[in-house]
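In the two complexes below, subunit A is the common chain; its partner is subunit B in one and subunit C in the other.
And then the complex of A and B:
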């Protein structure tokens, strides 16, 4: 009892120390530093392609590294690999469980993964010998839904779950290599750093955490959001993290200054952020919202510079291809749209 | 029963303090430096950012150039 009280006090002291240490380095704000930079001007993107074929809500999409193919997951129980240039379906993979919440494309292009309310991450081999796409592995150990997954390579994948943990898996053996525990709420989203050494997770405890993959430790925790974090991504140089939340805002946290630098918000926006993706240079932030729109933000100045209106229901997922050439949005209206 | 709860609460609290000690020991850089680096990255890569600069239809793989045929 005495020890609990001591630990509680020490925790409070440490939290105060962290707050103080962050204040000490707060000698400027991002908008101040960017004040002399030219404004972006209105960004108007047009729908170039509409990918039709899913029969129910689309929950997730992920671009392949080749910048032409992408994979999408829908609660119609299908994973579809699309050629975004021709709008042809390269693969239509029927899933054992239709309650899918996430999908991912391996950097090699050989594998895709998905998972959801089945609590599992299923890995599919697109390049099987006989041409059929089959389940290669079923990664089962999470005790909650699979909210997100991202491949490190053909042999390793990281998953986030409603059981409040993230896990690094060995795909070959189907076993958990590392369990990243620390969040106090469902983990909703994850993103891997450009150098593949760290990853970030956003959770229903309103925080984002930076994890060292090989050391298996949590290096930093970022607070400030007033509700669940649904979406998370790295700024392209790997030095900052962008989060999107049910509190209707997105925030940019710098990893080296260990604090929030700016909030992307507008009093007219009152619905949750579902998804986000930065443009190639990081200057634009594209974020999907519950109100069926995508808002485009100037990341340095914090101003809204564009809107993508084209879906008839919630935008559930968004991604920018690795060459920055196009943005893909997926919606509960069952369509994916390619914009640039 | 209550002993188990008490000892597991203790373990959770000890872990939380250990994690906070780790996070408190971080070396932080000045916001002005961090912000300047982000700004510079944006500016240095702006010309290569198709969504920012716009894509001429001739270079847009998602938009085949319109051709005009005269009979």
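And then the complex of A and C:
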């Protein structure tokens, strides 16, 4: 027992030292440095399209790489691929399990994936020979719910799970290539870096971790949130990470300074953050909240510069298309909306 | 506002494990301030027709107070926050089942603490049955069941057919106790009880704010413990939600995990950290550089298809045309060139004209093999090795000896990342050498200028 105590003390000691080391480089704050930058002004986005068709809560959505198609997952047990411009449903895929929590679109546009309480990540081929969309693979090995998944290519996918791990899978063989363990709580969300070499995960242990995909190691851990981290994303230059939490705040952590640069919060915002997405330049952060709104933040100055109020229930997912032209929100009210 | 009532003990300790506790605490803080005797909202008794309306305040009172005392800009924000708090049951309109805040003379009342969410969590359907049953026994027009309540009661009677006698007795007992209360106290308590049920059994069409995300609810510790009856009845039928898997205990690290953690913290401690001013500047300059490409800031050329219904902007992107904006972006960094298919094409063309394209071709080939299905990888790796790295390779590239040795080893047991080290080396070479030459080249400069001329001609 004494040894465990020793180890715990050593870990705590190291963490204290890290805190001190971080303080050493705190020579300025982000808003201070950004003081000379032009003010953003009020950002007002309008709903351009409403995608109707789901019959129950929408839990997840993901844009395809072609900027017009997106996939959404709902508790009505369907995965729908939408042509967001025409609002037509390109595919409506019935799922085996209706308790779906996440969905993803492969960069190639050939595959989509989803998963949830079934603890599995199911891969569907959209471009099958006979035109039918079928399950291509079922990736099963997690011992907890599948909270998030993201494709690296048509051959590899990364998943995060309620079993506190993230896994890199080879889709073709259906096997786990790498297990990323280290979180002490359910992993809720993940995001892949623009160069596809690293990914970040947010968990219910209130921390975010940066993982090296090839080396299979955790490079950095970021803490500071007071509750579960539900959403996570990269700043477009790949050098910073943004997290959203049940503590009603979003935080920006810089990878090279190895610490938090700024917190996005307001005393009148009391509800948890469910999802987030930066605009193409990274200047704006769009975050979905439990109070049915999306708040738009100026990432540099830390001020709230806009609100999207259009949903009648919790905003559960949000995404900005790869060309930055449109933002899509999905909600428990069963609708998806396109804004810009 | 201590009230004795019919209800059993609150399931207090368990509520702490709700993932939304932070939210409730924040709301409670605001409510406490609203209820402050000196600086809170003035509560009064209003005389109406033949009776008095006790302990109320108006919607406008709430809005005014919020604008004055909270960090709230305008009425819209106040209504949003106020409606949120009403939907969570902290105060309620006395004459409506729908819990929203209106900026007018509508009367509101505070909820009693023992009915608020942290203290009273997830009442049972049997509790609801007792409540509705009791309402039918009370002979007051204002307590008549709404249509949806009557439907619920009918459903519950079918569901609990076997124990209905017990439920009925409970309802009777409660009704009896209620009759003995002071009239004013009854009015208040009745409204608070109704508001409690408006939160947990909302009017059809209204959002149930107590609904938890299934990711969280499958984590709630000891779900059986939370099911404590509001009215002191036995635990019963679960509401229809996914099977509650007994959540894992808070993970205490094992010795091995602690060793790993220490190793990790040590590595993180040894990291070189850049100054915050420096990284902040780099973020600022990135956003400034890309502002003109961010459609939320700068209207795309010629227009944003979402707004104008004109797809030209997208057609330009898809076409092989090196448009001016696109070409300009290539100048930001090598990644922009490598990301864009047209950029890659132009870069390759330029390098071929210089007879130095092997580096880029190698880089592209390695990127491609990383996406291949695993069964195709070994063959492809061999092909790349033969083409670029083997002795006598037709497109020989120059890598440092360390990377070369490592790659030689990797190729013997080829995986997707066999060329990772070599690729890193080549990438750095391209960045400092080939890329800079490309950007300075006539070919690139012409592209940059050419489009400018073209757009001028359009006008």
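Details
One rule holds in what follows: the second predicted complex is superposed on the first by the 338 of 340 C-alpha atoms of A that agree within 3 Å, B and C clash if a C-alpha of one lies under 4 Å from a C-alpha of the other, contacts with A are read in each partner's own complex, and residues count from 1 in each chain.
Going forward, a residue touches a chain if its C-beta (ideal position, glycine included) is under 8 Å from a C-beta of that chain, and two chains touch if they have at least 3 such contacts.
Only a predicted model underlies this, so the values are computations on that prediction, with no experimental measurement involved.
When the two complexes are overlaid on subunit A, subunit B and subunit C occupy overlapping space and clash. Once chain A of one complex is fitted onto chain A of the other, the partner contacts of A:162 are limited to subunit C, with no touch recorded for subunit B.
Taking subunit B and subunit C in turn and counting the residues of subunit A each one touches, the greater count comes from C. Once chain A of one complex is fitted onto chain A of the other, the partner contacts of A:14 extend to both subunit B and subunit C. Touch criterion met: A:280 reaches subunit B and subunit C at once. Of the two partner chains, neither subunit B nor subunit C is touched by A:86.
Contacts of A:236 after superposition on the shared chain: both subunit B and subunit C are touched.
In the superposition on chain A, A:267 contacts subunit C only, with no contact to subunit B. Touching of subunit A by both subunit B and subunit C, each in its own complex, is seen for residues 3-4, 7-8, 10-11, 14-15, 17-18, 21-22, 24-30, 32-34, 37, 43, 45, 48, 68, 85, 182, 218-221, 235-237, 239-240, 254, 256-259, 261, 279-284, 299-300, 323-326, 338, 340.
Interface residues of subunit C, counted against subunit A in their complex, comprise 19-20, 22-23, 26-27, 70-72, 77, 80-81, 84, 207, 213-216, 218-219, 242, 251, 253, 255, 258-262, 264-269, 271, 273-284, 286-291, 293-297, 300, 304-307, 313-314, 317, 335, 370-375, 417, 420.
Against subunit C, in their complex, subunit A makes its touches with residues 3-4, 7-8, 10-11, 14-15, 17-18, 21-22, 24-30, 32-34, 37, 43, 45, 48, 67-68, 75, 85, 99, 101, 116-117, 145, 147, 152-155, 162, 164, 170, 172-173, 182, 184-186, 188, 194-195, 204, 214, 218-221, 226-228, 235-237, 239-240, 246-248, 254, 256-259, 261, 266-268, 270-272, 274, 279-284, 290-293, 299-300, 309, 312-314, 316, 323-326, 332, 338, 340. Every residue of subunit B that touches subunit A in the complex is listed here, in rising order: 9-10, 13-14, 16-17, 19-24, 26, 28-39, 41-46, 48-52, 55, 60-63.
By the touch criterion stated above, subunit A contacts subunit B in their complex at residues 3-4, 7-8, 10-11, 14-15, 17-18, 21-22, 24-30, 32-34, 37, 40, 43, 45, 48-49, 68, 84-85, 182, 217-221, 235-237, 239-240, 254, 256-259, 261, 279-284, 286, 299-300, 320, 323-327, 338, 340.
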